[in-house]
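Across the two complexes that follow, chain A remains constant while its partner is chain B and subsequently chain C.
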Partner chain A sequence: MNAFYNFATGPLAWAAFAVFIGGSVYRIWSMIQLAKQKEAAFISYMSLPHALRSIVRWLIPFGTLGWKENPSITLATFLFHICLFVLLIFTPAHEVLWSYAFGFTFPVIPEVLADTLTLVVIGACCFFVHRRLTNIQVRYVTTGKDWLALGIATAPFITGFLASQQFADGQIMTLLHVLCGEAMLVAIPFTRLSHALFQPLTRAYIASEFGAVRHVQDW
Partner chain B sequence: MSILDRKIEDPELKRATEGLSADRIEQVINSVLQGEAGARLKAYAETCMRCGMCAPACHYCVSHDMDPSYSPVGKVEQTMGLILRKHGRLTPDEVYGMAQLAYTECNLCRRCVHYCPIGIDTGYIISTVRRICHKLGVTPLYIQDTAHSHSATMNQMWVKEDEWVDSLQWQEDEARDEFPGLRIPLDVEGADIFYSVIAPEPKFRTQLIYQAAAIMKHVGADWTMPSTPGWDNSDMCMFTGDFEMMGRLKRSHFEAAQKLKVRRIVMGECGHAFRSVYDVGNRWLGWKNHPIPIVHSVEYFWELFNEGKIKLTGKYEEPVTIHDPCNIIRGRGLMDKLREVTHHLCSEVIEMSPTREHNYCCAAGGGVINCGPPFKGVRLEGNRIKADQLRATGVKTVVAPCHNCHGGLEDIIHHYQLGIQTKFLGDLIYELMEKPELE
Partner chain C sequence: MKLRVHGLLALSGLLLLAVFWLGPAPVSAQEDMVQLRPEALQPATRPAALFKHDEHNEKAHLEDQCIVCHHSGADGVLVADETSEGTPCADCHTVEKGKKQTALRQAYHRRCMNCHKAKGRGPTHCSGCHDKRHP
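== the complex of A and B ==
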């Protein structure tokens, strides 16, 4: 058991990070190459100030028309993403791993806060599931890929919470949590989760067209 | 509900799809996807999270009680989504549905861009679907007729060269009674302004040319119009997906202005033509911007008011509301100038809600009204929200500086019995400006 845990947090973790980073770089690079090859004219309209202006604006909760008119999904989306990044970095157990792997330490959040934020994420995921099943707009266009992405994104938090509560055999849960986290890393470049890579590019493009060419806001 | 549950009979869609084979469909679709589409489509297809946030953006969806088959993502799913799922191997019936949806249930208004966190341009995706339909030869009868007219005459309305010049001279003749000495100067080299219009103006809205000439005379403009093809700035080929023809049209328009060595093009109050000249057709021709400066009438009128060149006898007393045309608001950011000009002309302006760049489309644009009578009901039922918006203002006059918007709004006003009249800015300026006292 310990050996497998060491493998999962050691070589497997490095492999997952390698696939995540390598895969992400490859996906972004190949997308940019495709754009250069097929749509070079459109790249010429890219405007960094307008791109940044739009990206910042869309990072503000309720800062855009879309966020304002969809308040529940806005709340769930922001809570999910903010908690995800906070937990990823500042959970005490994660800090130990960061410290072990890279040799630096930094302040962490209390365990109880980490548990609370994890429950917030799980709550947001439950909301996403509920919405996919009951909202006719969303159900109409939901595919297997959407369920897969949601499942991959939810699993690390459920297992993480159960591990922190020492549910059943805590060690198995911790191992499952590590594996789910690694699965999510590997999945980012190759599933719907790739929106994490491409959203800044698609946002930057439409922001440039709207801001620099058409002189109008895109939010 | 899907598009196949609400098929409408169009003779040309029927004829064209009957002659299609699965192999031909697959070959054409893949030639467009591989030859023309690129990173945008790939990124949009992969990163759309199917969150449904765009549903309340679309007037069709809102007006159909949030029927998901009318939401932007629902429409993409039934067209490009279907294509990608089936790798282009669609049945002729599916092509019919795809064409009907792409040509008549999306105005390419881009309102949904304001709703999408990813920044997906649904208008682009639907345009690509239309491009595929064009290459399959599957386009609705009426809009294809205008595209044929463009090919044969370089204008949208089958106006012959002598009819064009005759129409201008007729309007000049009429206007000289009211404005002695007025001219509609043809082919004047080196003029400040090359004034271009859409073909429906000489065809059935000739008074707009009269009014434009009167305003030009009033402000002492140095202007001209061409006597040769290139005078029509409209472009239904952009909307059918016939981009090759779109390129010919825009080249003809730019070159007509360049031949006359004018300083800039001022375009009449049309939205789609502005889109075509400003950021679509020019790109097809390889111009990053434009070979010659282009100004829409709203901006030109704004300049004239700021320079104090328009003298009014008074203001329009009745309260008005403003309809923001997509192609010059989301397409050019003219919302502030439109308001300044309207406030110069009118005593009271009551805004619609939502307004400016968030305003709902007229449901006529994007070539939808040009698909003709078979699809009139699609526009009317698909834009109940616009009728609600108009009714809520309580006004009896709506200012809309766009031809398609006029057509769409007039149909909606009639259908929902709103008792509202539509006005171009040119209508109001002509009505209110000082005119020479006649003996």
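== the complex of A and C ==
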């Protein structure tokens, strides 16, 4: 068990980061190649100011018509993503690992706040599951890929919460938490979680068309 | 009369025993290190790290390698062969990282976990040392 834990937090972690970075670069590169092939004319219309304006706009909760349409999903989406990034970086134990491995330190949030935000994320995930099961329109377009992405995104938080509560002897949950986190890194370039990579490109594309070509807002 | 003398003797004997037990008892408990809780890292956010000094070093065969942990040096340079038993880690490793000095928490983590990793024995997960069951 010790040996596997040390493998998961050592070589396997490096491998997961390598696949994440390599896979992401490859996916973005091949998407740009595809765009050049199929939409060469459009590339010339790409407009950075329009793209940035639209991305910022869509990052504001209820800042766009699309976000105003369905307040509960907007709230759950923003809570999920904000808590995800805050926890990823500012969880006390994560900072301990950075300083242990690389020697740099930074401020963190208190342990209780980290636990609370984790429960918020798990709550948001429950909402997403509920919606996919009960909203007929959403249910109709839901495939196995959506469930896989949702499962991979939820698992690190459930195992992370149990690890912080020192479930059982503490080692098994910490190990599962590490493995789930690594699974998420590897999954980002190759599953529905790739929206993390493509969302800015999608927004830039739409914003440029609406802004630079049709001269209207896309929000 | 005889009974009385016996009673007095027994009483004073008990008293002596009590003084013997209660007096040095806390001192010997202090000598038996079971966990690490350096003043410099207070207020702590986790249960104190488990470390039964003598038992640990016996199990890990470190009795003749005190220098692995109790090394010595200054200005970012270790002095080979010079030990520092009895000097707290915090005397040399400050809480904030210095220009040439490993920070205190990191010094503990690196010393403890790196060896556990290298040997494949001893805990490397947080709760293996910071155990809520033994706060």
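As a working rule, the second predicted complex is superposed on the first by the 219 of 219 C-alpha atoms of A that agree within 3 Å, B and C clash if a C-alpha of one lies under 4 Å from a C-alpha of the other, contacts with A are read in each partner's own complex, and residues count from 1 in each chain.
We take it that a residue touches a chain if its C-beta (ideal position, glycine included) is under 8 Å from a C-beta of that chain, and two chains touch if they have at least 3 such contacts.
Model, not experiment: these values are computed from the prediction.
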| item | value |
| --- | --- |
| Combined model on chain A where chain B meets chain C, clash or fit | fit |
| Touched partner set for A:A207, first chain B, second chain C, both or neither | first |
| Chain B or chain C, by number of chain A residues touched | B |
| Chain B versus chain C as contact partner of A:T174, first or second or both or neither | second |
| Which superposed partner A:I60 touches (first chain B, second chain C, both, neither) | neither |
| Partner chain in contact with A:V96 - chain B first, chain C second, else both or neither | second |
| Touched partner set for A:Y5, first chain B, second chain C, both or neither | second |
| Contacts of A:V25 with chain B and chain C, given as first, second, both or neither | neither |
| Apex chain A: angle to the C-alpha centres of chain B and chain C, given in degrees as a multiple of 10 | 170 |
| Partner chain(s) touched by A:L48 [first = chain B, second = chain C, both, neither] | neither |
| Touched partner set for A:C126, first chain B, second chain C, both or neither | neither |
| Least C-alpha distance (whole Å) that remains between chain C and chain B when both complexes are overlaid | 36 |
| Common ground on chain A, meaning residues reached by chain C in one complex and by chain B in the other | none |
| Parts of chain A lying in touch with chain C, wherever the complex brings them together | 2-3, 5-6, 9-10, 92-93, 96, 99-100, 103, 105, 111, 163, 166, 169-171, 174-175 |
| Interfacial residue positions of chain C with respect to chain A in the complex | 45, 97, 102-103, 105-106, 109-110, 113, 116-117, 120-128, 131-133 |
| Parts of chain B lying in touch with chain A, wherever the complex brings them together | 36-40, 42-44, 46-47, 49-57, 66, 68-69, 71, 73-74, 77, 81, 113-121, 279, 283, 286, 288, 329-333, 335, 354, 357-358 |
| Chain B-touching residues of chain A, taken from the complex the two chains share | 31-32, 34-35, 37-39, 41-42, 44-45, 54, 58, 64-67, 69-70, 73, 77, 131, 135-143, 146, 149, 192, 194-195, 198-199, 201-207, 209-210, 213-219 |
